[in-house]
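One chain, chain A, appears in both complexes that follow, with chain B as partner in the first and chain C in the second.
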Partner chain A sequence: MTTWIDTSCILVVFLALSILATYRITGMIHIFVVQSFVLSFVPFFLHADALTGRDVMLVLATLVLKAIVAPYILFWAIRHMSMRSEVKPFIGFGTSIICGTFLIAGAFWVASSLKLPGKLISDLVIPCSLSTVLLGFMIIVTRTKAITQVLGYLVMENGIFLFALSLFDAMPTLIEMGILLDIFVAVFIMAIVVNHINEEFEHAPASLRRTKMGETL
Partner chain B sequence: MVLLFSPFFLGVITRVKAFFGGRVGPSVFQPYFDLAKLFQKKCVYSHTTTWIFRAAPIVVFASVLAVSLMIPFGAFKAPVRFSGDIFLVAYLFGLARFFMIVAALDTGSSFEGMGASREAFFSCLSELTIFMNFVTLVLVAHQISLSGMIGAEIPLSWKLMGPTLLLVVSSFFIVILAENCRIPVDDPSTHLELTMIHEVMILDHSGVDLAYMLYGAAAKLFLFGGILVPILLPIHTGHGLMDTLIFVVGMLGIAIFIGLVESGMARLRLNRVTNLLLIAFALAFFGFIVRLWRG
Partner chain C sequence: MLSVLILIPFVCGLVVFLPMERRLRVRILCAVSLVHAMIVASFWKVNPPSEINGFLMLDAIGLIVLSIVSFLFLSVSVYMVGYFHHEQRRTRTFVACLLLLLSTMTLVSVSRHMGLLWVAIEATTLFSAPLISFHRNPESLEATWKYLLVCSVGIALALLGTFFLAIAAHDVHTLLLPVLLSGAKMLSVNWLKLSVIFLLVGYGCKMGLAPMHSWKPEAYGQAPGMIAALMSGALTQCSFLALIRVSQICAKTGLSEFYASILIVTGALSLVAPAIFILGEGNIKRAFAYSSVEHMGILVLGLGLGPVGIFGAFFHMINNAVAKVAAFLAAGSLAQKYGSSRATEVKGVIHLYPVTGVLLIAGFLAGTGMFPFATFHSELMILNAAVLSGHYLLALVYLGGILVMFIGVLRIVLEMALGKPTQPVLPAKENFLMNAAIAVAMIISLGLGLWMPDILTKVLNDAVALVRI
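And then the complex of A and B:
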């Protein structure tokens, strides 16, 4: 089962990296769906020998919320705003990928000096979750549109979810559910926010700022 | 073995593409007929070309053949194996590419210059990825020869280093597509100026020279497959015939998979190819990190 956990962890990081390299917002959301899908099966692999109702519930809840509801709201927001599908990054795609690679390396470096309570099934879970969180941050910071920043936030949440999964036995279910709910609320609110912004401006780029006379951006 | 089978490999890819295009497609032996036809023709040389242009096909073909000596095929051991031969492999491919580029520039055609520039740029990126993959494989197998690297150690490594090898394999597959000018990077079936990288460089070659170039390209694709298959199918039965059969099945699988990728994907816009290659590099680097992490 360790192999499956390892593979899922690496897939999650790779998908986060490929979100960084995607040109279209719909493409980003599709990749996010795949990432959430992969992620939602990790609890199965973690407790493959003794599957409880709690695991099944967690898998189902993650699957529905992360892989169906959240993307649905995002797609709905895009359709509703009839926005152009191009991702407009502050830095180029090539640079993003290289920076992402360095972030992954950094995450592994940090994870090597992290002592955690409890025994982990796979030693890749922690560094991979840290990498995903950092890549999510990177998406938030480098993408201009509000909707891509929501997506970055969701990717970051996926990383946090993976981190929480590694401490599954040490933590009560409440925290897991809290994280899931957190995402749900965040997506919901942000969809509304994005929508409101869109009613005032044509698109909702966060970098939009009026320049004063003689000032260069 | 390489000489015998590499055109067949190409034929299988074409056939798979034809099948998914809803056509019957040429016979899998068509590349053999093409090569036979070209070998019977005479060469035509432009007045502007020098000896470089004439030497290039031979150098390309010879260096690819030299590489083939260092790669094991199924039960056939590599005839030449020494510590550090991975560098020789990489640089022999480099030599072939260098002569191809120089010959393209030698013709003085602006088209071929363009192709040469693209080839040089993309191969910079893919070479980096190849070396990153080689470094990871060396760390996994603790051997610096190609035969050792993709040899007996791999089955054991899959258990412990599964994720690393998975990353290496996927990264190497992208490199195969890029290095051999397959579809997401370059379209091997057209001479259209927007798409061409490899095809444009051999526009001025004709007859026997063209045959050598095409044969070299086919053999290169086969060799890259030959490096990938032992990593993907690390089964050693100890029975010579059986091992070779597994190898052949693996090669056919790769050919069919390349055909599938080519049927399913459109060629990427030229400025996005860089990103594809950077992703391949990121995968290789990630594999390297995971290898170091597992220690």
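And then the complex of A and C:
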């Protein structure tokens, strides 16, 4: 099963990097769906020999919240948006990918000095999760639109989630569900704010639109 | 009893979503806050038993935070009855979010599991965000967005820190605080250090410590006065509670020195950074926001400076919350009357609204730590702790920061209070309930400055004993 876990980890990082390199917002959301989909099956691979009801519940909850509900909310938030692609990121797409690869290298370097106590399922879980967190960070700081920043936040959460799976036993189910629920509500509220921002600026006369604010849209 | 205390506001928060008259919602908030405050007051006499396998438990530190939260909600809800007398906006989401916020803040103060603590603090971020954009204009939406994004990312880092803590506690198998503390010898120190850094950055972001404070002036400047009061007085203390919990763990594992050094550096930064920005500020609510950054710096500084400082920090938590309520409610009251909180547009308040004007000046004095208000004593205690522990340079920076902040805010307050009156939007008539809420906070701040009740000293000493080795 280690092969499957390794493959999933690498896929998660690769998909995060693809989001960083994608131009269209709908494309980014689609890639995020695939990433969440891959991620949600990791508990299956981790506990393939002795599946419990808890694993199944976690897989289902992740799948529903991250791969279905969250993207749906994001699509809802951008339904009226006239601009469907990222305009003028602070760093160009080519440079973003190069920076991204440096971040991945850095994450692997840092992770090499972090030793987990207890048995380790796969060597790739920690470096890959750190890489994904860093790539998510990079999406947040280099992209200028609110909706892409939400996506960056979600990618970052996916990285943290991958990390959480490696210490499955330390957290009670209740807390895990709480964390998932919080992230879901976060996306929900962020989407509402994005929607309000859009409405406010679609209706505001052009003279009131400040360039500073326009850039964050 | 603890779960009831969490559930009452939660259920009422859902109830106010039903269609009803807008002022009824505010009355429900008032009633819930009153019941909440009465139950919390009873906890000072009898400590409630722990619940849900020890996940919920109230200790002395939790009691201080819970009492602050409860008092702040009570004064804000009384104030809101007066505020919504003139305000025609819809109250549904607003009051619902406030009640849910009360419920989650209560959960923060009583949770004994580091994972549950994270869940609760993240929930407070989510329910407070819609409150900032009450006025629904571009500026307030921008402030909401900034708050939501900066705090969510910060809190995500705290989640990572919590997971690191779980790895450090691999041999203990749980994140329940009492078990963590009793099995402190079994924690892995390297992972714990990493976890402490992430937790400090994460929760520090939510608390508004420099250099992660950029959301604070925007959010407090745009939010209505009562929301700014709640955020600066109660919400930030919830994150500070998380930092105190980390401090408890560090004390047991011999990492106190390491943690204290980070706290002192962060605290000093939070004293210097707002002092630079305050001088160019012209908006009273933004000025109080910078003052809030400074007070958060004072709190973490106290936490890092040993027993005297910790006692000062706990006392300052209460004093700062009470003073901030008075300051922000007075500023919010003027913002409603004049439609602005800029010193250039609001002048001569004391001629048109003598009571509010006097309360604004009193709130400013309490907020910046002037004698005889209680903030003066707690700030002095922390200064004392800095000198006693031999941090002379730090003591100088501390005094300098406080002095610059005092001058910076004084300039704006005097400009607003005195001078030739500008014309307000609303008729020049004082509102009794709004002023009463501010006055009660003011009296408490003054009272604590002149006389310290025995029961409070006892609870503060108990709280200090929990953090000390």
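Just so it is clear, the second predicted complex is superposed on the first by the 193 of 217 C-alpha atoms of A that agree within 3 Å, B and C clash if a C-alpha of one lies under 4 Å from a C-alpha of the other, contacts with A are read in each partner's own complex, and residues count from 1 in each chain.
What we mean here is this: a residue touches a chain if its C-beta (ideal position, glycine included) is under 8 Å from a C-beta of that chain, and two chains touch if they have at least 3 such contacts.
For clarity, every value in this text was computed on a predicted model and none was experimentally measured.
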- Message: With the two structures overlaid on chain A, would chain B and chain C clash, or do they fit side by side?
- Response: fit
- Comparing the two partners chain B and chain C, which touches a greater set of residues in chain A: C
- Touching A:55 in the superposition: chain B (first), chain C (second), both, neither? neither
- Query: Does chain B (first) or chain C (second) touch A:100, or do both, or does neither?
  - Reply: first
- Query: Of the partners chain B and chain C, which touch A:186 in the superposed model: first, second, both, neither?
  - Reply: second
- Item | Which superposed partner A:123 touches (first chain B, second chain C, both, neither) | first
- Message: Quick one: is A:157 in contact with chain B, with chain C, with both, or with neither? Answer first, second, both or neither.
- Response: second
- When the two complexes are placed on top of each other via chain A, what is the minimal CA separation of chain B and chain C in Å? 20
- Going through chain A, the residues touched by chain B and also by chain C turn out to be none
- Per the touch rule, the chain A residues reaching chain B in their complex are 3, 6-7, 9-10, 13-14, 17-18, 21, 23, 93-94, 97-98, 100-101, 104-105, 108, 112, 123-124, 127
- Given the complex with chain C, which residues does chain A contribute to the contact? 114, 116-118, 133, 137, 140, 146, 149, 153, 156-157, 160, 163-164, 167, 169-172, 175, 178-179, 181-182, 185-186, 189-190, 192-193, 196-197, 200-201, 204, 208, 210, 213, 216
- Note on the structure: Residue positions on chain C within touch of chain A in the complex are 113, 115-116, 118-119, 122-123, 125-126, 129-130, 133, 136-138, 141-142, 144-145, 148-149, 152-153, 156, 159-160, 163, 166-167, 169-171, 173-175, 188, 191, 194
- Item | Contacting residues of chain B [partner chain A, same complex] | 162-163, 166-167, 272, 274-275, 278-279, 281-283, 285-286, 289-290, 292-294
